[in-house]
């Protein structure tokens, strides 16, 4: 483990912002801290950086306990949510700041800054002031500035929150490439699951100051450990009497089920050529165009289920009766989630062309 | 409205206490004589500034200022008719004064006359003649001494230069200088008006002594009716009575009590114990009149500037 | 195609514009214009001659020099005061904070008298300095002290709100890059405060140049020691009914005030144009 | 000792040093002069103190001061509100210049203010003939210079930007969305002001009024040029000056006694300011809008 | 047309913020103004509301020219981006404000406000102040307030911009339902295409002060009129030498093509049972987990193309050779876009189960 937190407790007054948090991040990984607002993500990041001290517990970086090392000596790059670029310094000066502090010779600074700026696609903007840049450019300056002193760990607090939807997508990809290329251990905070899933090697899910689950996006997606994670991750509709659905039996104490659109296949009546026995008949209640797909809301005996339909397929229309095949769903009690597969379906998976 | 006649007397700082008393005396006198109520509204300040305020529209019916020159300035703007100086007796100067020294109790620096003031160990307090009309008298008093002991002009100037080089604080007005000397305990000798010195001596019993120099100047404060205002206010007559009454015996005695020298020679004698009458008093005429004195000594770049700025 | 006419959504433009311009003109602009008009009766040559007279020139140098020094000192102390009052908690803080505006509220003459009393050789402070052989009252030092007194609220009150609002992230960002606290302050915080400090400095400076009541008692007003301030010289001229000189000097002071305010405004506008979008 | 502890220690040291400097500065430069006024005012005993502050002159000048202050507060409040409304809710050409002009009274010497008023309303001023014609025509005796109106005007001048200065920043931060929203619903100007804008600027306004009051109470230089008659047009500061200039030992103490009225008023105002500011900040809805 | 803008020009100083804009909105429709930042969306909205005046051109509402009618008389509800809730009024007072101005009797006001609050799911919050509400709740108060005086037109400036990703999705659906239910003509500004596509009946796309295209989401998606729209809408990769791809021929002057992921089908080698002749062989360069799907980047002779793959299908891995079928793409020259279908594919569309 390169960055490790062990049994961390952090209190603000009476409020427990981190409650026995332990996790480790391997060298070179890009990890996302994902959770709802107020769940303690920023607090964790700031403790790693040394901007906050835990009340209890140990923080290790590269095997060394760093609790008593001040923030400025931990060798950490930090990208602030609002970037915190120095307004009165040019782009060049911003990036050079950390290097000047290290008393690096002017010539070397110039080389490194120029290198970083061209790496981040900011060549030619050296002389601009932060407010003369677009949101995305500012983000990259913040990134270049954090990288300049060659940190071993990079921390980013909601790096994309303040950016346009369009630009955000570009920047995510860019960040991922950049971090991978540089092999720098990175942790970033987000409350946007798409972002976490897309960018991170691993995701740490926090809630109420507790780490709910840690794993690769796929793991978290496919096997949520806790009810919170099951509901938080993915677009999910919650269904109460799931045992009324074909192929699913009630599990004691587990009163609720989560059905994700990708668990649902909606076919025009008669077009479903397999698993007819496993499918339900439903009525289309709503068809929502989502740009690259249609979301179809179907009513199955009073249970509302949402599925997706590709634009390339024939349109279904409101009121039409359709076949709905639900592959699987999550059910959960207070503590745990269980994945239920549709029992009516055969062992072999559905066949696609 | 209520039948009260109001007149405004614009005066200068060191006459506050005197006019406070005199106004009351006059108001009673007028009531007794004519059965009418007069109220005198009083204004004090630096003499020059007071003259200016009248020029600028302060509604004064009479002015009682430190210098004839200040009244002439008002006359020049047409507010006062020419010939005001002859309107009342003694060149319209109902009281006079002179310049004396005030030293701390026991006269620790043994100051007796002007020549002690130029000693290296003496700190002199006197106001700035460039901003205070009263302070011009201080300057002229010293110059009178210099002219008495020194026939050569260069010698006189040398004396004046030495004297002003001993001045440690030069306040903007007589009162400021007094405060500096008395309240802030600055300096060894205050060159002051006689009436001022007497007031201090009485007020701070036993703390200060007056020293009379051998030579000084006869300071002649002047009074006049501001004709334009008085006409407009319909107070010409009361104003005349007001100034006239200054020459009455009661008023002259009141003047003596408040440390000014009464114009009336007889009454002055009654106060022989209070005023050193043997001082050799020069007069403004010895300096060619006010206008001449002003130009020669106090104008920008004139004698005072020369000796002071390079003392 | 019809031409657009200008309508404003929020009501009251004309009304408030009218009131503001009327009051501003009646109370501020017209009276000041009178000085201007009077002063403009002088030919430029004459004007120049009047303001270049030795005592006027000296008084200007004194006023500007001492005000500048006082404003600089105020800027330093004002920053420290504002910083302490914003960043730290300590008992009595609220009370001390309340005292900052005292110089606004105390009549200038009372302030002047009191300060001169405190700082003469026999005064509460003067005694201590006198032992060290330092004279404060009736010297330029006294003048500077009086100007510090009247100028301090300008700086503190300009800096305080900015400090209160300043995002702590700038500090943290510098810190994360390895900056010491000193370096953080100099390189990151100070530039953020610069506009506010400049405003405070400018106002304290401008106010100092024109100050009268609080300085004349402590300065000694000596032409020889060059402790006459420019307002004193105006009063001197006025005392001698020398309107030419008085208005000539007044004009120069008005110009200085204008230029100072304008300078502050321009710098502010430039700074905010460069930075406010972030 | 770990590095973190070292850092913490140096941080604490800085804190102590800065607090010490601040306390010393405020106490030595501001509090001591204040106390010295009080101490001086009691030099002749308490009876004398009461006597000197209850003379007819003092009472009258207090009235003039309160009148001038009252009018200054009213005028500057109206002006301040209008100026703030104008400068924060609209954009127009010359806005920056107007903002600069409003600040001018801050930086102008009181001596020049006095001079300016005299050159306008005084006997030598250009407005004097107008005034005289007016008086002749209507048989009135309206005076400005050397009369109460002049005193009031000068007081208004020196306190002119105090209210606007306090509320402009507040309204600037607030923006104009709320007003636009209300106007869009058909609200009239006064309704918008009363219901929407006023609650925002309430605390700033009160604060501005307090500062304006404090400053108006203490104004000396400008009023001095326009007010010459004791017991008639004198304000408290002029009365103090008159007492001080009377030159007897007791009159100086009396001057300090009268000063102490102003000092006490000032302290009350400043404390009120602090309380109000504190309350205001507490009551202010927090969080983002 | 209920709301109509005709040849509108609006200048800020020298800057032309609206450049000959004309469009019409039918009664009862919900229309989105979509465009990049600074493209003049807010300006258009504010001109309709009367908060800004056009330099030239006419604005009609319900057939009446309103240029000279002040904002307060146009009968428009406006929801500001930052809500502009009255901070010092309670929720109730905020909503009642417009009604009080109309001098409606107190009792009626109470009825209407209560009705609106329960409609917007804010019942029980009457006494709260705006700062005691969450972002989503504030948005709804702003909405209720705008609706209270029964406006005929509702304008919304980026109504969801300041809201959490999670809440935003809910609010969008809610808004759409609400507006449809009330049948109120509505125009809202957004720079998020997902939002526009999901919520609006019609989209107006702006760029540099010009209206680039207006149409239903599907129209805009399927047949972008201008190169700008083609690139702006959807997730698109731009390809230069598209004529190197099977089934597509070069169109003169049209040098660039846009390929959207949904135009691309990626199949494991050998699993493609139709159109083999129309498909390319490519190498998988990257597989990105996107939560509910995989994005697969494939290199076809140096041309990079991105396609999507359902999670239910077999995983493809980096380096693997796959069949790539590109159904269609957009090409464009300076002015126009053309939709090119893959010629190698038969007339009949691909067959899905």
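Per-chain residue numbering starts at 1, and chain names A, B, C, D and E are given in the order in which the chains are listed.
In the analysis below, contacts are C-beta pairs under 8 Å (C-beta built on N, C-alpha and C of every residue); 3 or more make two chains touch, one makes a residue touch a chain.
Just so it is clear, the structure is predicted and the values come from calculations on it, not from any experiment.
By the document's definition of touch, common neighbours of chain C and chain E comprise A, D. Listed here as common contacts of chain A and chain B: C, D.
Taking the mean Cα position of each chain as its centre, B sits at the greatest distance from chain E.
For this structure, the chains sharing the highest number of C-beta contacts are C-D. Each chain gets a centre from the mean of its Cα atoms; for chain B and chain C, those two points are 38 Å apart.
The distance from the centre of chain A to the centre of chain D, with each centre set as the mean of the Cα atoms, comes to 56 Å. Each chain gets one centre point, the mean of its Cα atoms, and the points for chain C and chain D are 16 Å apart.
Within chain A, contacts with two or more other chains are made by residues 73. Those residues of chain C in touch with two or more other chains are numbered 9, 117, 235, 238. In chain D, the positions touching at least two other chains are 124-125, 180, 183-184, 244.
Contact between chains, using the touch rule, shows up for A-C, A-D, A-E, B-C, B-D, C-D, C-E, D-E. Partner chain A is touched in their complex by these residues of chain C: 167, 169-170, 172-180, 183, 187-188, 191-192, 194, 274-278. Those residues of chain B lying in contact with chain D across their complex are 8, 10, 13-14, 16-17, 41-45, 50, 53, 55-59, 77, 173, 175, 178-179, 182-183, 196, 199-200, 203-204.
Within the complex formed with chain D, the chain C residues making contact are 8-13, 15-17, 19-20, 23-24, 27-32, 34-35, 37-38, 77, 80-81, 83-85, 88, 90, 92, 94-111, 113-115, 117-118, 124-125, 148-149, 152, 161, 181, 203, 206-207, 209-213, 230-231, 234-235, 238, 243, 246-247, 250, 253-254, 257-258, 260-262, 265, 269.
Chain D contributes residues 10-11, 14-15, 18-19, 21-23, 25-34, 36-37, 40, 75, 78-79, 82-83, 85-86, 89-90, 92, 96, 98-113, 115-117, 119-120, 124-126, 153, 156-157, 160, 169, 176, 179-180, 183-184, 188-189, 192-193, 211, 214-215, 217-221, 236-237, 240-241, 244, 255, 259, 262-263, 265-266, 269-271, 273-274, 278 to its touches with chain C in the complex.
Note for the complex: chain C touches chain B at residues 53-55, 116-117, 120-123, 137-138, 216-217, 220-224, 232, 235-236, 238-241, 245.
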